[in-house]
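Here is the structure we will look at, set down as structure tokens.
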Amino acid sequence: MPGNAFGQAFTFTTWGESHGPALGCVIDGVPPQIPLSEADLQGWLDARKPGQSRYTTQRRESDTVRILSGVFEGLTTGTPVCLMIENEDQRSKDYSDIKDKFRPGHADYTYLAKYGVRDYRGGGRSSARETAARVAAGGVARRVLEQLLSPAPLIRGALVQMGPHRIDRANWDWDQVGANPFFSPDAKAAETWADYLDGVRKAGSSAGAVVEVVAENVPAGLGEPVYDKIDSDLAKAMMSINAVKGVEIGNGFAAAATPGEDNADQMRMVGDAPTFLTNNNGGTLGGLTSGQPVVCRFAVKPTSSITIPRQTVDRFGQEVEVSTKGRHDPCVGIRAVPVGEAMMALVLCDHLLRHRGQTGALGPVTPAFDEN
Amino acid sequence: MPGNAFGQAFTFTTWGESHGPALGCVIDGVPPQIPLSEADLQGWLDARKPGQSRYTTQRRESDTVRILSGVFEGLTTGTPVCLMIENEDQRSKDYSDIKDKFRPGHADYTYLAKYGVRDYRGGGRSSARETAARVAAGGVARRVLEQLLSPAPLIRGALVQMGPHRIDRANWDWDQVGANPFFSPDAKAAETWADYLDGVRKAGSSAGAVVEVVAENVPAGLGEPVYDKIDSDLAKAMMSINAVKGVEIGNGFAAAATPGEDNADQMRMVGDAPTFLTNNNGGTLGGLTSGQPVVCRFAVKPTSSITIPRQTVDRFGQEVEVSTKGRHDPCVGIRAVPVGEAMMALVLCDHLLRHRGQTGALGPVTPAFDEN
Amino acid sequence: MPGNAFGQAFTFTTWGESHGPALGCVIDGVPPQIPLSEADLQGWLDARKPGQSRYTTQRRESDTVRILSGVFEGLTTGTPVCLMIENEDQRSKDYSDIKDKFRPGHADYTYLAKYGVRDYRGGGRSSARETAARVAAGGVARRVLEQLLSPAPLIRGALVQMGPHRIDRANWDWDQVGANPFFSPDAKAAETWADYLDGVRKAGSSAGAVVEVVAENVPAGLGEPVYDKIDSDLAKAMMSINAVKGVEIGNGFAAAATPGEDNADQMRMVGDAPTFLTNNNGGTLGGLTSGQPVVCRFAVKPTSSITIPRQTVDRFGQEVEVSTKGRHDPCVGIRAVPVGEAMMALVLCDHLLRHRGQTGALGPVTPAFDEN
Amino acid sequence: MPGNAFGQAFTFTTWGESHGPALGCVIDGVPPQIPLSEADLQGWLDARKPGQSRYTTQRRESDTVRILSGVFEGLTTGTPVCLMIENEDQRSKDYSDIKDKFRPGHADYTYLAKYGVRDYRGGGRSSARETAARVAAGGVARRVLEQLLSPAPLIRGALVQMGPHRIDRANWDWDQVGANPFFSPDAKAAETWADYLDGVRKAGSSAGAVVEVVAENVPAGLGEPVYDKIDSDLAKAMMSINAVKGVEIGNGFAAAATPGEDNADQMRMVGDAPTFLTNNNGGTLGGLTSGQPVVCRFAVKPTSSITIPRQTVDRFGQEVEVSTKGRHDPCVGIRAVPVGEAMMALVLCDHLLRHRGQTGALGPVTPAFDEN
């Protein structure tokens, strides 16, 4: 596949440009008999939607999703689900400035190098607007997961760092995530970030961020050795989000500095169930889920579209300066939270179906403790 | 594909267990007319081979690679290249200890949960011994890259952190990498690490590490938007290596704390060529290579096989202790260096062929500066 | 991939049901800089469109295709091309008859067996209406082929048998194909078929057919050993068309009765070029194109939707009779001609890009005669 | 994937040349806990093995298969199964004749056109020797099918035509298939063929054939709309066998001449079960299995390696004659019977696992008759 698809059993292909008539995705491999409606998906899109606070781009898009196929009388039929979102606020502005200049940190230069042609309007295909299609697909994945698994997996994300400011993990409260414009689980950090981001915005600068996504109630045994480890597919999924430059599972880079005896998650029995005393490995061992929460973090670089003038060249080989006016997120990491959740749902759904195909089960294939 | 293959145009599938008769890989998609011999591959395998210093496992394997197909009179024929490495030092030891116990931090528990059966001898398929096949495949990828591209890409790796001890980047010297048993580019750090690792080993503990792989002379435009970004595929590739828990490209997690104007790599002309003033993005923009060095780092957790006793359970639901005797690497990160290099070569080779398929070119499809 | 996609380098995924709001496809892997407009595609769709003579279904669809992505200022950009065709004439008729009954020869029973649910309106996903999306995709493939190859491949199809009546090959005239409502290359056969099909239609019966598709100007060397032979992919492509039950390449089944010395295509030099004296192998040898015309034939079974009552059962386990009224093609083989052409174009385009990826060439990789 | 692999859930990749050291395959996606030994596979290989009668090539190969991975203590572990067969009777003969000449009907010319290089020894990768690996993989697929399904599918093949001589279907007796050197289900036809083939052989000619493969006890609902229909994948599978030029399902090409009311398979209830009165569609409807026997036929062209001299050219552009001496099958169709069976098993196994992945079931997902 040429690169715009993800997943092997639950495969979605996205299409569309930032300023084209519409964008969307086709999901091939949706199990049949899953209740699904546009209302099931719209909530997730609304969470990602631009223009909801002064901290995100002011582009106005309702991001209304339509289901064009694969659902009949409220149930999926097992055939491809096509989802479409029409673009509504493509401004017919003058693009002459970015038409010829390569904005530092953007894909302008590399798309031209790859294809010899590019749709420069709003970043074209490289725009983060593409992630709306992922979030829609993620909504379908969530429906599948909750229908097939009991208890249903709980997939939640949060912003844990903005610019240099990290949350205090002692303050973590999932209920706070929806109560501030930053998806912060730490109410206090949200206040700090508000001030910080106002300053960044006024300075014409931008801020990076770190997002954490956690999936609970994931059965043990998902993932495929060796190359399609759950870790590898999560890494690929998260790294495919615009502006992401780092991914870690569990302790991640901190594991490098931890002694082996501290990093290995010890086990005890709790009633009949084997239980881990810690979750340094972030819910995966050997690339397979362990039954513990799957914990994934990713770093989002600061938005490259800033008004502070930067040195660059244009496609005529002239040295120029560029200052990106337009409507942009001062911290794209914020809206990456629902995207990260969607990617987690998509990876888990894909692996659940793959696991079922090979083993016939949705969780551990045999009780681990059936022999003596 | 069920998970033991990697790559879409240059696709390799690995097979084999730690204590089976042999392991190897099949590479489908090798371009024809590439000079290739076993000698071309053996050097890379020797770099990864165990037992070369007191800092790696004492298992004795010559890791001699045989080419079983796809090469005729010294040239690849375009048909699948099968590579085989026979296991030589599988000890017929008593596995009764780890046969039933789940070693903390290992894949023992999750493999059993997934499959209901497992080859417990030396970790079976989850053993890092599988990486020998990757290194062999990576050797083929290197041959392809150097035949197709001029100048040939230069792919090199180094250990940049062991346990809590990082190198001093001011001391970076590629020539040092082959001069110490740690692939350290910093001679001084190598000394520190030697002492540190001796202590770790004596204590029956283990150490994590961070590896950095750099590819130079990579043309601009490789990678596929949106899901098969060069970054995403590198993240997947590196995260698929045993014990890896984090991956970053360029500045990685540090980018989150950097202001936008500092992180965006500005451009100037140097003669006729557009040039970047910095490489914070690690050689990729929008998921495509920019022509700058591709820089990837990954974190390796400390080996889970340690002699310090750890609490665990066995498959009969009994709470037990386990202490892994065997022959193990106190720091698996060391031997991950040649594996990381191999994965970089494999990702680049795969994307080079994919790029050629879609665009007909091996680098930028048109001069970026042909218009005025 | 779960089954609604085709092609590895030029990958298209179709979606949509017969009576849903729309149908379409996403093509991932279109090379950049190919001139493409909706007008380039509409002509092919018009050839397949229903309701153009009394010999095809009277459903009225303009089959107007829209390009939703992947084209900018008249050129493909290398990003996914999404094509959409809105359904216009879904009759809100009473489906109660076929809602519960399994029409003999249809997919009604098997879709229910597979999914436990089905969209019974007009056959849902199993309707031949899906082939409109293929024809649109095939139009894109033709544009790519004609831009990349010179001379451009010439891909044409014809009906060579209707019911028991075959054409006389001595009468073959490509110009006749567009001059009768049957795509017959034999004007005389077209007259016979007209009478025959009128009779079939009046009797409430239906007729099968055989379609032949020929591709000229195809370079030697396309196709991939061993499983993705050009023959295998053509067989798969044609057999995936609704109602197709047989495929042959070149002499096909007749080869079984031919002595070896007659079947092997001998070669001579014509000027500097090696030339074949016959084309019994239909343009392929060892699964790779030989440079001769690629010749593929496929058998289409008679439409299962007939008004003659047939015995069946319903989903409540009752024995019933069914007579399909609706609007149906008395010979679906007719409209399968443009679909077969499209599939030929799609297979060749996919293999052209794959060949280029592996070898760097669009035709023979080296002159076959450069040595002495 | 570049072409040497088949299957999406049960994926096998073959490697090896006719005169290399060995050939084999890797199967990725084998379900765990399937009893498997080399003895389970050897019988199928013996049926295909050369040199068993005067009607097949006299090359002496024991075709002894070794399992190199994926099996532990007699059970599959869910990890890749690598199978290897060492070549034993590669004659170090003088290949100078076929080294430079393009044998008519062979892949000599097209492989050189594709790759610019070829392993001419015994046909290299294009040799039917590759099919030994398929038969081995097919043996694994049979084990999986019989473990997962009850009753186990019964997959059998037979030769139904040799040269111009067809069997009399009234004489069909499966027990005869193993009782003659032609896999003929008609004892009388076997006698005719013996005489016929002796004559062909003495004349230095060769004969084509038609093979029929039937799979019984296949549950309803296997196959994936639209492109991965069970029919399409069977067509691809069979057409990928060396020398195959035509494939049909059920009535195949004969359906084109059959009136719709005769071709549609009517249904009645037999007890609680819906039953078909005929099987004109060969066990598939809409690309999905119907529960009836899956019936597939394929045409094998006469061996191109004949001693009757033929006109050709060499790679220096000289017009020459060629007469293939070597050891060859006068009718390759005979040994294609076990290969066709293997491909049927492989397709069914792959689709069984895919079906289970999407629907969670191994057969019809819900009783078709659960409502009223």
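Letters are used for the chains, namely A, B, C and D, taken in the order the chains are written, and counting of residues starts over at 1 for each.
The rule is simple: a contact is a pair of C-beta atoms (placed from the backbone, for glycine too) under 8 Å apart; a residue touches a chain by one contact, two chains touch by 3 or more.
Here is each chain with its UniProt name: A, B, C, D = Chorismate synthase.
Note that this is a predicted model, so its numbers are computed, not measured.
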Between chain B and chain C, which partner chains are common? A, D
Using each chain's Cα centroid, which is most distant from the centroid of chain C? B
Taking each chain's centre as its mean C-alpha position, how far apart are chain A and chain D in Å? 44
Counting in whole Å, what is the centre-to-centre distance of chain A and chain B, each centre being its mean C-alpha position? 25
Expressed in whole Å, how far the mean CA point of chain B lies from that of chain D is 39
Give the residues of chain A that touch two or more other chains, as numbers and ranges in rising order. 1-5, 8-9, 14, 29, 32-33, 78-79, 114-116, 125, 225, 354, 358-359, 365
Complex contacts: residues of chain A adjacent to chain C: 1-5, 8-11, 13-17, 20-24, 26, 28-29, 32-33, 66, 68-70, 72, 75-82, 114-119, 121, 124-125
In the complex, the residues of chain D that touch chain C are 1-6, 8, 14, 102-107, 109-116, 125-126, 130, 161, 163-164, 200, 205-210, 220-229, 231-240, 242, 244-253, 255-261, 263-269, 272, 274, 277, 281-282, 284-291, 299-304, 306, 308, 310-313, 315-319, 333, 354-355, 358-359, 363-366, 368-369, 371-372
In the complex formed with chain C, which residues of chain B make contact? 8-9, 29, 31-33, 78-79, 148, 225, 353-354, 356-360, 362, 365
